[in-house]
Amino acid sequence: MHDRVAIVGVGCIGFRPSTPEHSYKEMVYEAAMRAYTDAGVDPRRDVESFVTVAEDFHEGTSIFDEYTPDQIGGALKPVHTITGDGLHGIATAYMLIRTGQFDIVAIEGHSKASNIKTLPEVTAYAQDPILNRPLKLNSHFIAGLEMNRYLFETDSTREQCAAVVIKNRFNALSNSLAPYGANLTLEDVLSGPVISWPLGSREIAVHADGAIVMVLASEEKALSLSDKPIWILGTGWNNDSPALENRDWAHSKYTEEAARMAYRQAGINNPLEAIDIAEVDDTYAYKELQALEALGFCREGEAGTLTLEGFTSPDSGLPVNVSGGSLGMGNLLEANGLARALEIVLQLRGEAGPRQIENVNLGLAQSWRGVPTTSGAVLILAN
Amino acid sequence: MTLLQRDPKAPASWQGELPVTNRYTYGLAGEKFFRTIKDEGHILGTHCPHCDHTYVPAAAFCERCLRKLDEWVDVGTIGDVVTYTFLYVSLDGSPLEKPEIVAFIRFGDGGLIHRLGEIEPDQVEIGLMVEAVFKPKSKRIGSILDIKHFSPVKI
Amino acid sequence: MTAKIKEFPGISLSEQDFTDGKILFNFDKLNGIYAWDTGVGIGSYLASLKAGVILGSHCPNCRKIVVPPRTFCEFCYRPMDEFVPLNDSGTVNTFSLCYVTWDVKRIKQPEIPAVIDIDGASPLHGIMHMLGEIDPKKVKIGMRVKAVWKPAEERQGSINDILYFKPIKEV
Amino acid sequence: MGMQKVAVVGAGMTKFVRRAQETAKELTWEAAHMALESCEMTMDDIEAVCFGTAPDAFDGVHLNGEYVSDGAGAWRKPYMRSYVGGGTGVFVPIQGWYHIASGLFDVVMVVAEEKMSSYYPHAQAAFMTIFDHTTERPLKPNLLWIFAMEMNRYMTTYGISKADIAQVAVQHKRNAADHPCALLGDKDITLQDILNSEVLAWPVQRLDVSPVSDGAVAVILAAEHIAKRITDKPVWIEGVGWHLDTSYWTNRELAYPRYVEYAARMAYDMAGIKEPRKEINIAEPYDPFDYKALHHLEGLQLAERGKAAELYSDGTASRSGNMPICPSGGLLGVGNPIAAAGLMKIAELFWQLRGEAGARQVPGQPRRGVAQAWGDLMQVGTVVVMGK
């Protein structure tokens, strides 16, 4: 059994509102080639198993697993799909290596969101067909309900949520991978159209296309392949009730539970002390605040104040979403968690360029699968 | 990274649809839950004695312990607004001129997602007591839409 | 333990139960519209079909020619180096005589789908298409066939620019 | 430190029916609930949940794994859904296996569910969307096409007759008559019934095909130290394997499933099996169509290429034969709610190896079995070897 597992290669392509020059297979191939080159492996010879994260209706194909192997070098190899976020995929690769049956495993996630012409209706098809779908409501209503209850229970404000948008889109200006960098004011964010009050349109991450591939390896292989292996110290994932009728509307219970699992593995008791940098889900701005509380970085109701005070800015106490988050890099569907993890890997390697944070040794990535789900995952990485 | 040149006449994209058409049965619990809404205008839940949790809408099983639930309870037609939103976009993403008022209304330990009606947006608040307004019995088919909306309880 | 299981759950319904209103149910339909980016490989394939040519691509490493064309080889994982126009003829690798449409309608005259190994591509490299202008009883694996194209002005850059493949009359 | 050994310790399933009244969540719950009861466990004992279902189009819910999660017992637990098309049913126990073998968990609930009847009016129509959206779907393909074409290629390559193949359907449907959950068990069915059934897509006839069905199956997996505490009859997962071939199915030899061979070799290696024909006592190859069982027996190295039909004609495959094949009745007899059908084979081996299969019990105290599923575009093999 291999106890220690590291990320030894990363590759990506994108991230842009549309990518008409290549098909999804060609796009993924480029990201994968970069990851394999980065890891110094030949996928046909060295990579023993492959994991893809994808959902049929996001691809427009039933049984999308069929179309996953070729572009990642997995043809006629042990390949499987997880219908989860990229962090679920990393956790899967982590488990596969820990069994001792595999030394090197690759994980792929991508978005061709620009190809889905009816995305709101596709998203709504995830609602319960008997209880909810007959109401014919745009799925943003679920975020509106959640945000409103979150603000109510925690005494947080729309301004605090807007501060997340300002921070993350400003951070994105220093990230050449991020298409949605901007220098915004509170007024800019709050004056945008309302989508599902209290949720405004500028608090919603816009979709983008792109692909991310990572290569994971057992300790022995990692040390021989890489000068800068990034170790997986903990993985956690969890679901709250999928039913809108049974869930906790204010708290991200799945993140609390996923974090508990990951912290236990990593031996972390005080996350704020232990963790130097975090990338969390911000596909809706309030989700960042909710996540920071669920992850135990602060008490309930404090995340908004800390954000307004700049505590989560790059040069401050706990830099959060230095990459720009999903608000800056775009909502990448199943690849969202991989984008969060990618930034942590780059930061821990000291390869984050103009946005590099000093002295980072331990980082956390967190993801959520979007409305209407209650599915989240946490990954803890160290250099 | 490709050596090949894309044919300059290549079409940018290929258009198509994913034809998915479904028929959903309401299932073991849904059958009785919606029959009762249709025939009696009552809202039912099921209670899990093991977890001391009352599921509304009624469920056939407890999601926490997976035990079978057969203790049915009538939870009345009045509940409180746990959270609400004013929704300005329609199902296809186009803007709505007049927002929909959508709420989660608590019954038992669960509740229902529905529209609020007979109310102005500025009157909506968390904790507001609202009552189910049913369609006339003759128009009810056994659907969540047999409830027209929830409106403030008239005192 | 398991051997004690006597009763297995699961309630079986008939179509009549639905039409008689014995149970409650509803319908829905996904409005799922997509515009899939064709990219370099398939984009060029479609453009070639419009011009009346079946296009393949060549892997310099495996020395094989594949169809439909792609920009990288899935077996050696290296970039393909050139597009190769193939012949519009081939050999029936396998086929079926199908009396049911995709949406389960019965038909009297069978559709004849086939995998056709395309001339000019490496062995066992074919595409799926239909056979036509042939008596269903006479279709054989190994039979030589040729594409029947739509008139040039009606072609749209689609696999349907080929109407079907018909037998080549051996001289 | 060695890899944690993993055992199956409980199983449950629903009847396989043409149209279930239960929702997808309820079917899932019924199987999961029965699996818990079968080994006297509660949800407090379950540390993680693995779920399998094939395309979302059937249940008719986007992100279907999330929607069904409560039925599987995923509430506030680590939960993932794995997905390899038709191969999913035998993959999801592999997913459960790596959850435990990794050392992260000790007890995992594994559930597979399919409610094909929710795709209306015709479940088969959903399969049009498994083909390539740009290069194949415009031809309006039918799922039967690829099976019929693969069957034709297989028959022609090896000179196998329709009657050779129809023996499979006869035996599996007869076996299924003893399965309490079966949809199409028939003790009296004959070779002529199969050969005279309506032609759908030559060479495929109506009775060569397993029926569209609804159903769910669950098994509970446990690490060695727990398994031994729960039961004196754990059934060990001795080997697992899976392989996915290229998407370009028209660029492959269809007469032989090399992806099944690779998956089988992976599982046999792990199980330490050198001579599968001698060391495997029961086989549950995937049989959505009768020829597929033969195709897969060859891929599983349990028969020479083109010779699997002989296992049926010489009696080896019968329930009292040397290597009973699909004593459950298989998909052809029990039914084919896709992912659930694969996991049914795992449940069958569990019951058979414990001697709890009732009227279906194969004689001679079998020691080891193999279950296999197949899926995607004639493309994926998933294999699990189980032993006492």
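A, B, C and D label the chains in the order they appear, each numbered from 1.
Here is the rule we use: contacts are C-beta pairs under 8 Å (C-beta built on N, C-alpha and C of every residue); 3 or more make two chains touch, one makes a residue touch a chain.
Treat the numbers as computed from the prediction; the structure is a model and nothing was measured.
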Quiz prompt | Chains in simultaneous contact with chain B and chain C | solution = A, D
Self-check item: Most distant chain from chain C by Cα centroid
Solution: B
Quiz item: Where the centres are mean C-alpha positions, what is the separation of chain A from chain D, in Å?
Solution: 33
Quiz item: CA centre of chain A versus CA centre of chain B: separation in Å?
Solution: 28
Self-check item: Distance from the mean Cα position of chain C to that of chain A, given in whole angstrom
Solution: 36
Exercise. Give me the residues of chain B that touch two or more other chains.
Key: 1-2, 6, 12-16, 18-28, 30-31, 34, 63, 92, 143
Quiz item: So which bits of chain A are touching at least two other chains?
Solution: 20-21, 26, 29, 57, 60-62, 69-70, 75, 115, 117-118, 121-122, 125, 129-130, 134, 241, 243, 246
Quiz item: Which chain C residues touch at least two other chains?
Solution: 11, 13, 23, 26-28, 30-43, 46, 71-72, 74-75, 158
Exercise. Over in the complex, which chain C residues touch chain A? Could you list them?
Key: 26, 28, 30-43, 70-72, 74-77
Self-check item: Touching residues (chain side chain D, partner chain A) in the complex
Solution: 1-4, 23, 54-57, 60-70, 74-85, 91, 95, 97-99, 101-104, 126-127, 129-130, 132-133, 241-248, 258-259, 262-263, 266, 270, 375-377, 379-380
Quiz item: Once bound in the complex, which stretches of chain A touch chain C?
Solution: 19-27, 29, 42-44, 57, 60, 69-71, 73, 75, 112, 114-118, 121-122, 125, 129-130, 133-134
Quiz item: For chain D, which residues count as touching chain B in their complex?
Solution: 19-23, 25-26, 29, 32-33, 36, 42-44, 57, 60, 70-71, 73, 75, 117-121, 125-126, 128-129, 133-134, 137-138
Exercise. Name, in rising order, each residue of chain B that touches chain A in their complex.
Key: 1-2, 6, 12-13, 15-16, 18, 20, 22, 24, 26-27, 30, 34, 55-57, 63, 82-93, 95, 99-100, 102-104, 109-115, 126, 143-145
